[in-house]
Structures are given as structure tokens and as C-alpha cells.
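What follows is a set of structures to go through.
In what follows, chain A forms one complex with chain B and a second complex with chain C.
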Partner chain A sequence: MSAAPESAGLAGSPPPGKSGMSDRWFSILLIAPAMLITLIFAILPLIQALDVTFRMGDLSRGKIGDYVGLTNYRIVFADNQFWQAGWVTLKFTVVAVGLEMILGVAIAFLLHGATFAKGITRSLLILPLATSAAVTGLFWRYLYDTQFGVLNWVLGLLGLPEPNWLGDYTIALWSVVLFDIWQWTPFVALIALAGLQALPKEPFEAAELDGASKWRVLTTLTFPLLKPVLFLVLVLRTIDCVRLYDAVAVLTRGGPGTATETMTFYLYRTGLKLFRMDYASTMAVFFLYVMLVAAVFALTPLLKQFTDRAKEA
Partner chain B sequence: MSFSQGWDAGFKTMLIYVGTVFFWLIFLERYFSNLGLSVLLMNVTGIVLGLGFFFWRRKVCRAERAAAEAEVALLIAEDR
Partner chain C sequence: MRKSLASASLLALLSAGGAFAQECADPVEITWSTIAGFYTDAMANFVKSFEDDNCAKVTVVNIDNSQLYNKQVIEMVGQTGAYDVVTLETAEKAEFAENGFILPMTDFFADKQELLNDVSPTLRAMTVEYKGDVWGLPYYTYTAGMFIRQDLIDDAGEQAAFKAKYGYDLADPTTWEQHRDIAEFFTRKAGETLKGEVLTKDFYGVGLMAGPFPEIQDELSAPLWGMGSDWLTAEGTVPVDDVEKVLGEYVEELKFAPPAALTVTYDGVMNQMKDCQIAMTHGFFLDQWPNAVKTEDNCPGAKVAAIEAPGKKAYVGGFLLAVSSSSAQPDMAMKFVAHIGGYEIQKQFAELGGASTLTSVLTDPAFATSERRATNGQYATLNMIFDSMSGFSSNLFKTPFGAKIYNTMQIPLQAAAAGQITVREAAEQLAADVAKICGGPCPIAN
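This part shows the complex of A and B:
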């Protein structure tokens, strides 16, 4: 490569290519379709939803009505059912994500050290992920069935009490949690396993030579090196759990009563069953805001870690 | 302040303003008998907090840039 284009590239904007288009304009051209699709399918509906939050939006009257200011926000924030749905969502997220992370990482360690049937186990782990929650949810409804369900049949054989898994309001939420754990623990396990397999070997060999104990290697090498991967999977699972809808819709429809009604299911019920688009949009905007704030707080340490690594490099 | 730093600070400023509005509506508005006054105070508080954060970020970014430029200048001087 000659020196002239290099110096031109360093001095200012990149030089034009063969087509006469600079790299900057070419990159803008490449990203433009994705940005256009995002604008049409994400930004414009968001703007419309924001507009609806400030209007009377009772669809049973046939149209979006007049401007009402912050009234919809005041009504939604004074709605106990809304906060109850938020509390259910929070409980579900904390328990499901916590257990999925613990079990997923444990399975990943077991698989990492396994010498037999590693490939087939990995393939089997993908099965729950490959099927839609709407389909597997139906299977689990039959598993949980009080009359014909396998779970109660086994419990009956063992002489144990046979609970009404989805009908008892004290355990219905935990039944949904159990279903979510069954479906998503393999995801955590596979990502953690990929992270484990990608770890550099040299620090572990050095630790072995120094005679470090397994626990010390685990706490000072494995987990710190695996932290970015685990953090990423934690963020992904949290986002997914917070917007839980399909499992609830298939297993309990929010019941018994409102015991398993999550934020998104309440939002759906308000907007598409009760036709109050104004309240539903207001809840959606508040929900989006909470998720954005959570994402900012969750991603800041991760981005800081990447920046520090870049600085070190 | 670069474009990306400005974008980031602007986005967080918007989050702070909206967060103030939500916080006010959930926790503070019930103590106001005059709704108009409540909305006015809410907006003033949101704008003050948002702009305060933005200018603080701008100051931090400028200080970081100055420190980085000084470091680069030092390295260039060492090379000479």
C-alpha cells in the first residue's frame, strides 16, 4: 500500500474507494436498512404508545380520545393490581434467575469435567430451548394435572400429598417458576460451558505448578475469568424473566385469581381484554423505563470491565 | 465532549427527568392539594436534576480528555 492514501486517511475523513464513496458513507449505507426497520417497527410505535399515554384510550368507544395529561399515569400508579403484578414479576424473576444461574453453572462444571457422553448431553440440553414455551407449557399442564398428571401419580405412589400445582394460589407461581427453570437452565449451562471452554489454559497451569488448591483456583481464577460471560447470561435471563408472558398464558392464565399475573400479562389483559389502551400503554412505558434503568445499572460494570481490558491491552 | 459521550449523557439526562416525574407522581403528588403547583414543581425538579447531571458529566468528560491529552503529550515528549 502506498504512503499517500495512508497519510490522507490519518489526516481527516477516510479516502473514497473505487466507487467514489468514502468508508464513512459506505458504513452509513450498510447500517441504514437496519436503522430504517428499527425506526418503523420500534421507534414509531413507541412514539405512538407515548402519545396514547397522554390521551383517553378506551377502545370500546371506538377511537383514541382527547388529551388528558398525566391522568393515566396517576390512575395506573394508584392501581393496587398493577403493583401486585409488579411484585409477582419481581418474585418470579429473582427466584427463577437465581436458581437457573446456580443450576446452570453447576451443570456447566459437570459437563466441562465429563469424559463420557459429553456431546449427546449437550445436544439433549438444547431440546427444551428449541421448543416454544407455548408447546412445552401444554406438556407441563398435563404433567401438573391433578387427575391425570405424572407428577401427582408419582407422588401418590410414594404416599406423598398430591398438590393442586396450578390451582393452589400458594404454589401456582412456584409451579410456573419450575417450568421456567426446566426450560432455561440449559441455556445458562450451555453459555457457561462455552465460557469455561474458552478460558486460557496458562493461568491454570501456573496455579497447578504453584500448588494452589481447587477452591482457590475456582475463586481467584475460574469465576473472575468467567464473570463477563456469567454477567451477560444473568442480564439476558433477567430481561427474559421480567417480560414473562407465554408460560403464564399457557399454564395459569394469571390465576388462580391473580396469583400468577405478571406485569406483561396484566398489561395484555388491560389492553386487549378490557380495551383500555391508555392504561396498557402507560404501564408499558413505565415498564420500559424500569427496564432501561435496570439495563443502564446492569451494563455499566460490564462496559467498565471491557474498557479497563482495552486500556490494559 | 464527543458525540457518543454526549449521546450517553443526554440519554441518562432523559432517564433522570422521566424518573423524577414517576417518583413525584408515585410518592410526592399526594401531599399537594394544588395539582398545577405539583406539576410545576415536578418539572422544575426534573429539569434541574437532569441538567445538573448533564453538566456534571460534561465536566467529567472534559477532565478525562484533558488528562488523556496530557498523558499523550508526555509520551510524545518522552519519545523525543
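This part shows the complex of A and C:
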């Protein structure tokens, strides 16, 4: 008898409870702490950064100065190094994420079909992820070393050319990409593997009964069903690559010259080496804007898909 | 009676101890931000004596060299008082002084002129003085000369071959043209001979610090200053033609350096030398002598010498200890600076193999013995460099934008070294970057 009013209270319009608080206000109360933290640690700094973009902000002069209108935006948009850093970031992201997705999914399929050593392989895959890029980057810097590095030692034994991995400006960026692939391909593989293992069996059994080829099963069943998971990994990896800093800081410090200077590294250099918080904030705000626009385009179909599924459920 | 005397003595001793404990129950706390590594570790050993003598508690904050400047600026701007004593690179002094981040110590040293005058005038002008004031004391110097494999220079066979090829005697280089010739001459492939011995691996004429670190500008300071130019003219602009010339010569010398030159800094070059890979350095920090001399243990027949750089000019570097203007204990902090930079501590530092900043220590005959060669063998050369460079000063150290310029200039210079841009483009980019940093010509203090 007592269940009916409670159910009605949850599903229908919210009659005030004994405490006089509606469900709507109760919900707001529940998310309030999270919103407060977001406000203090994300929104307010963002507003301040936005404010600094319109002011003179040479921090080494002791304070944030007067309003200068859109001057900082004009200077940043006319800065070749800023656009060059953007181009480096784009190249890095496209190549690294592309290769990580291909290799990660391939490894996931191999592991999914594996009949032995599955558990230990999965554990080994976690290793590169378990250490920070600052530490593994240092390790890779020694691997890449032209004098004492293992890579060139092996290449030398095989009689192959020994590249200057981090000193040759034509290949330094790809050396960083290689490091990123080593570190993050397992992440893609593990998520894709989890997705594969969670796929419903019925459609595949039906397809098998219908005599569908493996390729057809792959293209019409596996990938479409796996799409939300892969898309999520793609978005996460893209965001991570776009804000790449640690690997560059440890491996190349943006060099040789500016060959591996990503947007985040250039932002760091502007803000914390030159202390031009005005330029750095302007870059950061522009960077955020681009990322938001890209995220909206990228995530809309995914969110729609999730919403539709929730409604269906 | 003896027993009661003993008791009385013990009581007196305890009372005295108690009095001291009471006296020092509330030590004055100061914090010193400095570079992580040998030099600070050595200095940290000397903090205890200061604490005991002054009823102070000194907290040493070790920060990686690449982050020290940023961290200190942030604390100074915020006036947090987190650091009472800060450690500054030569190029950072003017910025910190000009912006009021550090306190002038002119008055403090008014009755300590003897100590101040003990710092070599060249080092003092570069690291301590700005706009007529004194801003602290340097606690060690990494002033540059160069290291050379003297055994190669003195080898009769090599001398004959060199003279036949270049038409003049092989000797320690006194010009950068000679430096280039020597670098070229000693660059050999595995299988060729060096001092009559067949090489088992490639050998290079010179080790260069052309990696993405600020040391490339330290190297280039030597030929640039040696030709009578500077990073900044009296008008506060970059002399593009001069920079192009020295950078061009430097890039030419890269052909005679190990490929790793494009990724390494000073420790990499020291490894090359100790690994019997190179014949000499470019302008190089002489505080690395204890490292360089280990080449003699690793390479049969090797004899290393520290000499003046060609042109008798090179980077003059010293880490300045200065007192933060936001320090809550400026008096104690100044005492600490005088303690670390003072004779007693500098002498002990020298005994550990540190490169002291005081003339009295650098010229002390006790450090000129053959027994001390492995740790202090560069002192005589350091003194010669300070003499040779007497009266010299760089505009890079006289502009309040010096730190920012210093932290930026390696980017175009290294881009040219790596071949990403031409030497001319690098010089022009440096000029443009400097103008952007200073908002036009850089102000130069007199």
C-alpha cells in the first residue's frame, strides 16, 4: 500500500515531501557540491583567463595591467610560431591517433581470438600506461640516444643507418609519435577488447546461421556495434594528443628548433618562460574554443546515440 | 669534594646547554631556493654551521635547473615570501633587481668590502652589480674556458701532419679559425689512426652543446664577445650580421662534432670526452673540470687541459645568491648569503672540488698542488680568464629583459644548428624575438 505514493512521487510531478523539498530541488542539492567545485576550479579561472586576454599581462612586471582591447588576439593571430605550433600539434594528433586506433583495434581482435596467454598479455599491456610519460619519456630518451642508445646499437649491428632520432628535425616529431604509440596503443587495445567482449552473441549466431562471410560480419555487425566504444576512445585520444606536453618536454623540449613544439608546449613557454600571461591566456582561450567546437561536432552523434538507447531502455 | 666539584661542573655545563637551548629555542627560519645537484648538495653541508652560529633554521629547496627561474618568478610576483634567499643565473639578475624582486645589499656590504672585493672584479661586474648597487654574492662559478686533449696537441706525429695540411704549428687554439682547423683535423673515422693507434670507433674534433638547452648561447658568447660584439648593441638591438657570422662558423664546426651534438648539453659533452670521442670542447664551463679530467683514467695516454677560449673571451657565469624582497627575515637571509659566499665556506667548497668565486681561494697555493689537480686543476685558468676579461661586461646582463632573452635565444640558434632554418634566418628571428620581448629596443642600464 505504501509503495504506490512513492512510485508516483518518483515518476510524476514532484509533490513536496515531509521536508517540503521537491525532487527537483533535491536533485539540485545533490549536484551542488560538484557544481561548486567546477565553479571554483574551472569556471572562475576560465573567466579570469578570459579577462587577462583583454589586458596587458607581463607577469614578470609584477601585475596584470590595463585593458588593451583586442590587441592580444591580433598579436597572437599574427604570430607565425603560434600557427606553426598548431600545425605540429595537428600532424602529431592525426598520425598518432590514427596509428594507435588501427594498431589498438588489431591487437584487440587478436587478443579476443586468442586461446592462450590472454590474461598475461592483458596485464603486460597495462605496463606502459601505468607509468607517467615523464618517466617513460626519460627511458625512451636513452633508447633514442645516438651515442649510447639501444636502438642505434641494434641498427648498427644489422648494418642499417643510425638516425639521429631526436636531433634530426625531419624525424624528431615522428620519434615522439612512436613513443606515444608505444604508450597509448595498449589503452585503445584494452578498451576495444572490453567492447568486443561485451557485444551481444545473438546477432553473430544468427549471422553464422545465415552463412554470412567474416568480412560481412565485421562490416555490418562488429564495427557498427563497436562504434560507440571506438568513437569514445578516438575522442579521448584526440583530446589527449592535442594537449600533448609531457612527452615533448622530456624527449625534445620542443626541438630541434621548433620542430616538435606543440601548442601546449608553446603556451607553456609563453606563459611560464616569458611570463606573457596575456598572450598565453589568449592562446589558451582560442585553443579551448577550437576544442569545444570540435568536441560538439564530434560528440553530438555519440550523445544522440546514447540518449536514444536510454529512451529505448 | 671532587664529587661535589664534578657535580657542580656538570650542573654548570647543563645550565650552559640549557641556556643555549633556550637561546635557540625559537630559531629564525629562512628558506633557500636553489638548483638540485652536486653544488647545492655540497653547500647544504655547510648550512649546519650557519644554523648553529646564528640560531637559524635553513630549509634548502632543491629545484631542477630548468624550472628554477619560473618557480622563483612566480613566488616573487606573488610576494609569497616562500623563499628568503633565491639563486639567480647571471642573465636573471637585472630582471629581479629592476622589478624589485630582490633587495639591494649595498648597505649590508658597506662594512664587508673585503669580502666583496675578494670576488673577482669580472665576476662581480657580471653577477653582482647592477645600476650601482650590490645584489648579493655568487656562490659558485661556471665561467667558461675550454677543455682540450693536450696529449693530441703535443703528439709529434699529429703535429707534423697538421703542419703539412694547414701550414702552421699545431698548438692550443688562440683564434676561432684555428679552433675550426683543429676540429677538422682530428675528426677521423673508425679504422684511421690517432696518435699512431688505429681507431675502433669514430673520433670527432669537437664536442658541441647544440641541443635544445640554453647552453648553445653560452658557447656562442665566446666567439661573439671575442670579436668585440655582443648579443645586444648599446642601442638594445641584436647585431644580426655579427650573430650570423659566429653562428655560421659554429654550424660549420658541427660537421666535426658527434651527431649527438644536436641533442646534448654539457653533461653529454663531458660523456663524449670521457668516452674518448672528442679532441676538445667549444667554450665550455670550467666547473666541469673534475669530470673532464676523468678522461685521463678512461682513455689511455690522455692528458686533459683547461685553457682560455680563443679570443680570450667566454661566458662568465655564476649563480648569485640574493635576498627576496618578500622575505620575512631579510637580515638573517643577508647573513646567510655572506656566510655561503664567504671565505670559510668557499674554501671548504673548493676542497670538495667546487669552483669557488673568491680570488683568495682561486689563488690559494694549497689548491695549486699536483695532489689537488683532479679537483681544482682549472683554478689557474679561471684566474687568467678573469684577468683577460677584466673590464668586460655584456649588455645581456644589463637589460631587465635579459632572463627572458636568455631563455628564448636557444630556439632560433638551435633551429639553425639543426638545419631547420638558415643561419641568416636564425639571426633575424633572434632579433625579432628580442624586439618582441622588449617591446622594441631593449633598455640597457649604464
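As a convention for this text, the second predicted complex is superposed on the first by the 287 of 313 C-alpha atoms of A that agree within 3 Å, B and C clash if a C-alpha of one lies under 4 Å from a C-alpha of the other, contacts with A are read in each partner's own complex, and residues count from 1 in each chain.
Operating definition for what follows: a contact is a pair of C-beta atoms (placed from the backbone, for glycine too) under 8 Å apart; a residue touches a chain by one contact, two chains touch by 3 or more.
Values in this document were obtained by computation on a predicted structure and should not be read as measured data.
By the touch criterion defined above, A:Leu292 reaches chain B but does not reach chain C. By the touch criterion defined above, A:Leu166 lies against chain C but remains apart from chain B after alignment on the C-alpha atoms of chain A. Contacts of A:Ala194 after superposition: neither chain B nor chain C is touched.
Applying the stated contact rule after C-alpha superposition, one finds that A:Tyr73 touches chain B and leaves chain C untouched. Here chain B and chain C are compared by how many residues of chain A each touches, and C touches more.
Those residues of chain C lying in contact with chain A across their complex are 69-70, 73-74, 77, 95, 99-100, 211-213, 258-263, 268, 271-272, 275, 277, 403-404, 407-408, 411-412, 414-421, 437.
Contact residues on chain A toward chain C in their complex (touch as defined above): 59-63, 145-148, 164, 166-169, 252-259, 272-275.
Within the complex, the chain B residues that touch chain A are 12, 15, 18-19, 21-22, 25-26, 29, 39. The residues of chain A lying in touch with chain B in their complex are 70, 73-74, 77, 286, 289, 292-293, 296.
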